[in-house]
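The following blocks contain the structures, represented as structure tokens.
Two complexes are shown next, each including subunit A; its partner changes from subunit B in the first to subunit C in the second.
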Partner chain A sequence: MTTSLPPTTAAIRAPLSPAGEAPSAWKVVARVASTVWSNGKSRIGLTMLAVFVLLAIFAPLIAPYGASETGFDRSADASAAHWLGTTAAGEDVLSQLLYGARISIFVGLVAGLLSTVIAVLIGLSWGYVRGFGADVINFIVNLFLVIPGLPLMIVIAAYLSGGGIGMIIVVVVVTGWAWGARVLRSQTQSLRSRDFITAAVFSGERPFRIVFRVILPNMTSLIVGNFFGAATAAILAEAGLEFLGLGDSTVVSWGTMLFWAQNSNALLTGQWALLFAPGLCIALLATSLTLINFGVDGISNPRLREGTKR
Partner chain B sequence: MTSTQAAPRGVDGVAPAGTSPTDAARTPSPALKALGYLGRKLGLFALTLWAAVTVNFLLPRLMPGTPADAALSKLAQNGPVSEATKAAIEAQLGVPTGNIASQYVAYLHQVVTLDFGISYTFYPQSVGELVSAALPYTLVLVGLVTVIAFVLGTLLGVLAAWKRGTWLDSVPTLVGSFLSAFPYFWTALLLLFFAGYVLRLFPTSGAYGPTATPNFSVEFLGDALYHGVLPALTILITSLGGWILGMRNTMISTLGDDYVTFAEANGLKPRTIALRYAARNAILPNLTSFGLALGGVVGGSILVEQVFGYPGIGYLLFNAVVNQDYPLMQALFLMITVSVLIANFLVDILYGVLDPRTRR
Partner chain C sequence: MTPAPTTPAPAANSTLLEVHDLSVHYGYGQTATRAVQNVSFRLAHGEFVGLVGESGSGKSTLGFALTGLSKPPAHIEKGRILFGGTDIASLDAEQLREQRHGGIAMVLQSGMNALNPVRSIRNHFVDIFRAHGHVERSQWAARATELICKVELTPQVLDRFPGELSGGMRQRVSIALALSLEPELMVFDEPTTALDVLVQHAVMNTIIELQKRENFTAILISHDLGIVLESAQRVMVMHEGRIVEDAPARQILENPQAPYTRMLLSHYADPRAEVVELPGFADRQQRTANGAARADGATHAPTVSPRTRRTDQPSMIVQNVSKVYPAPRRGEAPVRAVDDVSFTLEPGSALALVGASGSGKSTIAKLITAVEKPTSGRIRFGDLDVGTLNRRHFRRLHRDVQMVFQDPYSALNPLHTVEYALTRPVINFTGLHGTEARRRVLELLDIVGLNPVEEFAAKLPHQLSGGQRQRVVIARALASDPQVIIADEPVSMLDVSLRAGVLALLEDLREQWGVSLLYITHDLLSARVVTDNIMVLNGGAVVERGNTADVLRNPQDDYTIRLLDAIPNPRKDVA
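Now for the complex of A and B:
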């Protein structure tokens, strides 16, 4: 544990030291990675995530059949040829599951990144400015926070019917950035009254540089945590929208698999694998991201590191 | 924490110049302060309400196409559509006429009088009738279960933070993070499959038996309760984890505060420190999350109601979306948003009661 303490202090000092003395980006990334890895829960999460990413990348090599390849027995139970059985349309469930990982991971990554970028831009500048501008942003963010996300998504998706994955990503980002912005704002507000910010102001730094080069590095764990949180929410929202049939139901994803399973009465035919597997994958992928976040908390807050007593 | 918020700010205009600036003379009475807090919150609530109502107005107008276009493109699949048919459909679906300002005035009038017209799907029932028939089910289901989940989750979170590092911490935290990753509809499907179809313990769809008619008799309420068990269980299972984790995290950071160390140094009983010192302060941020998470639970209940065919607001919204029933959809979205806004307003007021610092 003691070995992982230096990164924090370094991260705080780094932006204040002249550019030449700052540790290289790779060193910072390596330190962050080792801090996260040192947490037992995160280690489980990272391993699970790695397995999903590998399965998604190599889906064409691993999957026994194509994702939309039909012509097998319909609604068949598990067998040697089809480990998880087949769908009502005669597709291989295992192959669909492997290809489906690609959609979930893609949506999680893209939507998570986009909403984090928006949250950082808005949250940090909002936390730094004072006066009328801050009040206006406050009102808009609170409005987005209070309007229930999924109903808004459903309504937007209904108007943009048939937009596919791109539409889902846009909808998820539009409804999902506000939470991160608010969390990052409060942290910015508490940091801006610290001495090292006052020092930076007196040394004549421009506000833009103070916000993004001095304050931002101190919020690494919040930002990384926000990314994983946003990605989890995006994965769950995407699956929910597709389960309701509001996405492109011809795309093979975990959400559409469950949509077709429910519409083809898999409950009545007793195909538990078809019902069980896609949902379990969604839950496991989302859990892996949540678990990683336990270690992320420790990047800039040593108190939350595993094993340290309060 | 309190040290940064120095002496209470006086109302500068009120205190006459020249009087000695003692705290007593410059601080308005607590009742006046509470009233001011309530007034501010009420004003903000009204503004937010107006903004949400306006968003609901702008949303369809920002989107490409109109309801009539959707209906026409459906018709066009069967052959060319004549101008007369087009005009008839536009008139029937109430395609807005006039400029945006007069549309807005007409819309506000609709909202105030709660008259949202006739549903396309359930013609000739009015949107208002449909919504008021569905509302009680969702209100009771979501409201009751959310409160139970919040109380239970918060208690488990306190326990987890206090017994940090033991199994009382790791089990609820791990199970909680796994459960909160469950998609609502999947939990619902699993419960429906195992408890409904395989074990046949509970009914598989609806809010009451096929022969029952909604009333306030004991039999009907028992029947409704019986039908509500699985949907309620789904929401409880899926939302519990979030409360455990949230409370655990805020509790851990309050446990690190100086006043807790001071209480320990004074030799107070651990239970007293945990419940009366740390948990009392840790619950405040969680109360705000409670208001905000309500929107998420309402969203999740849409999926749950769809799986169980439970005739609440969510199931109605799903039907409206699938059938492109725009008047119903707009009214339901407004209904959901306004309910969540009101809940958040109440939480805000409660927060002000519990934490005197926010009233300043």
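Now for the complex of A and C:
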């Protein structure tokens, strides 16, 4: 049991290998991916998402016609030429659906990413600082939380009217970051009291580095989960705003398809596919992201990995 | 078949439990962890058996297997557990549930957290009575009262909620709950480990009394050979999944056979003895006698002359410091965590801060490191006024004052390698970069005895044992070349066999580098071997102070005496 203390001047003669690094980023990504994939529900979600993404990317190749190509029979029923029929303006519904996926997925990912970034920046700093600064952030976040989301969205969108997709992203981000910030803040506060954070202070680390290099990597799963949640909300919000006619109604997206279908009383003319198809796609895309989140839960908490308990 | 509760108590010495060649594995095939291997033993009615082993020895896995509580991936690979003639492993969930009445009960280490916080203690009893239907409804209140009195609590406790009880009281309640099914076999899995020293002693006494009175068969699982030897009649020592020794307690104490048992025993000593020696430690008195003649009392010089660069380092001077926390609830008095404490930590000396939990010893550590600000009084370190130190000047203080944490499992970031954990303070405090910094990191690993250094540098915390982790934590504390190290219970989470190594390391650091050490602990034995002076804290105030050996051999204050009595001492009867 004795620990003989070697002379401290003992030169380390072993050749110095290049500085050993923290587990490489790729290994972490691979581990996260395999954990998510190992969950049945999230495997379904990932497959669905992959299908949507592929359809969106290759829409120009797959779609039988252009998205805004008019000149077909108006309000036609499903036929061999138009699988889902045509709109009141004489466009092919299937082609619009495929092109529309691009907008929904783009808005979902970009708005989800942006609101997650804001939530991380604000949530983590908020959880770490104490005193007056925390109170100020608390006030601002609560302000965003108590104002009902949809009315705020409509007001901002009406104010910025005509901005198109960019405007919609801004509206979704502004109204969507606060929940994530609050969740990340609570987790930061609980990590903050752990010994290794105090140890980092004793190691002479500056607060910025403690927050973003020591605390942040320990919350990966929460952040990834937050991203998928925010993306889901963004897709739904985008469709909602465009359905209300607050977006640029000339852009072909699932939301505008619903808007035009409503305008032309598609249900009254028996064109149920016109409402049903984009609605189902929105629901499926949102579901796929939610399913992925089941697997994300298992990344940091092995107890939530399904199938491992009896 | 479950043994009916009405059957008359079988004659003593008849076998109650028989374990045949039992193996419990985690996982399957080649990669399985073999936690318990080929274990066989018998338990007679009314026996009190201790099961001792260090962490990872498989003792808890065995306990869970006996009670039919094994959870996947743990499973019984082979062997049989016969309880009253029935193989436990063959019972299905419902039979197992029925068997709990008059069968096997278990008290868990975290039993104090096993109570539902929103139900009163009475409801916990009622739940059990209702589930098994073995007590008449009219008898419920009387039976609950009877049980709660058995564990030395008052009947008023029945109407309280778990949150209103202390840890020791909650553990007593969970023992009473286990008793409510009139078990023939009680398995206690580390029943007192999570409790405070003084409470630990009292709860253990209750268990011993109960066992004598109720005459149930008991298995006491513990990592602490001292506790087990004090209470059990027979002791089984477990090591790496096997039972290496199975003998009456007295025989283990006087004539241990297995080398592993001898090793465990060698780490116990009475801190009150004239001469205290542990593996790796000669007696402190003798060591100091060989050194320079020392001055009396609290201000004696370091035992070994520190290196020259340490001659003019400042002392840590604490003057009349108090810390008051606001009242936890309205209407209650504010909490006085530290009450008018003064001391000086001389360069190169070692001071022990001793007390039960809640005595304010950890608060003092926080005050000294400027994590908390004192309500009144001054703390000076050189020209730094620690009490009013601004966050921005933390680096200046932490260059000289470093901390070793109690729990090596939470003190290292699970995502960073050892090298990263050590490189950061090296860069922050010494300004070294690149190859230079790496050289220093490897040197630090060498100092704390983690060889080969290259290999350890690349490891992640979960690849290290508790003792190795604690060495990394110490290496990190050394990175800034500090003058003061505050060690907050540095060995309380470690196995006995690893403790001596970490303590010896701290001791060597002090002697070779002239680092002063503030050693915070409730463990008086370790305080005796690593420190020169001691301060005993009770309720935030110093009740006794002086030379460590003198105080422990000749305690004056009642509280110090109680702390000393609470130490399990297997040799008490022998001496």
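Before moving on, here are some points about what is shown:
Following the convention adopted for this analysis, the second predicted complex is superposed on the first by the 289 of 310 C-alpha atoms of A that agree within 3 Å, B and C clash if a C-alpha of one lies under 4 Å from a C-alpha of the other, contacts with A are read in each partner's own complex, and residues count from 1 in each chain.
In this section, a contact is a pair of C-beta atoms (placed from the backbone, for glycine too) under 8 Å apart; a residue touches a chain by one contact, two chains touch by 3 or more.
The model shown is predicted, which means the values in this text are computed figures rather than measured ones.
In the superposition on chain A, the chain among subunit B and subunit C reaching more residues of subunit A is B. Once the two complexes are laid over each other on the shared chain, residue contacts for A:V214 go to subunit C alone; subunit B is not touched.
Of the two partner chains, subunit B is the only one touched by A:Q262; subunit C is not.
Legend: residue contacts after superposition of the two complexes on their common chain; A:G240 is shown touching subunit B, with no touch to subunit C.
When both complexes are overlaid on chain A, the residue A:F58 reaches neither subunit B nor subunit C. Contacts of A:A200 after superposition: subunit C is touched, whereas subunit B is not reached. Taken together, the two complexes place residues 309-310 of subunit A in contact with subunit B and also with subunit C. Within the complex formed with subunit A, the subunit C residues making contact are 71-73, 279-280, 369, 371, 394-395, 398-399, 402-403, 405-407, 410-417, 419-421, 423-425, 428-429, 434-435, 438-439, 442-443, 446-447, 449, 452-454, 457-458, 460, 473, 476-477, 479-480, 497, 500-501, 504-505, 508-509, 512.
Residues of subunit A touching subunit B in their complex: 41, 139, 142-143, 145-161, 179, 193, 232, 236, 239-240, 243-246, 258, 262, 267-268, 270, 272, 275-276, 278-280, 282-287, 289-291, 294, 297, 303-304, 307, 309-310. Of all residues in subunit A, those touching subunit C in their complex are 1-6, 8, 10, 12, 14, 16-17, 19-23, 194-196, 198-205, 214, 217-218, 308-310.
Taken together, the subunit B residues at the contact with subunit A in this complex read 4, 47-48, 51-52, 55, 59-60, 63-65, 70, 164-165, 174, 177-178, 180-186, 189-190, 192-193, 196-198, 249, 252-253, 255-256, 291-292, 294-296, 298-300, 302-303, 306-307, 317-318, 321-322, 324, 329, 332-333, 336-337, 340-341, 344.
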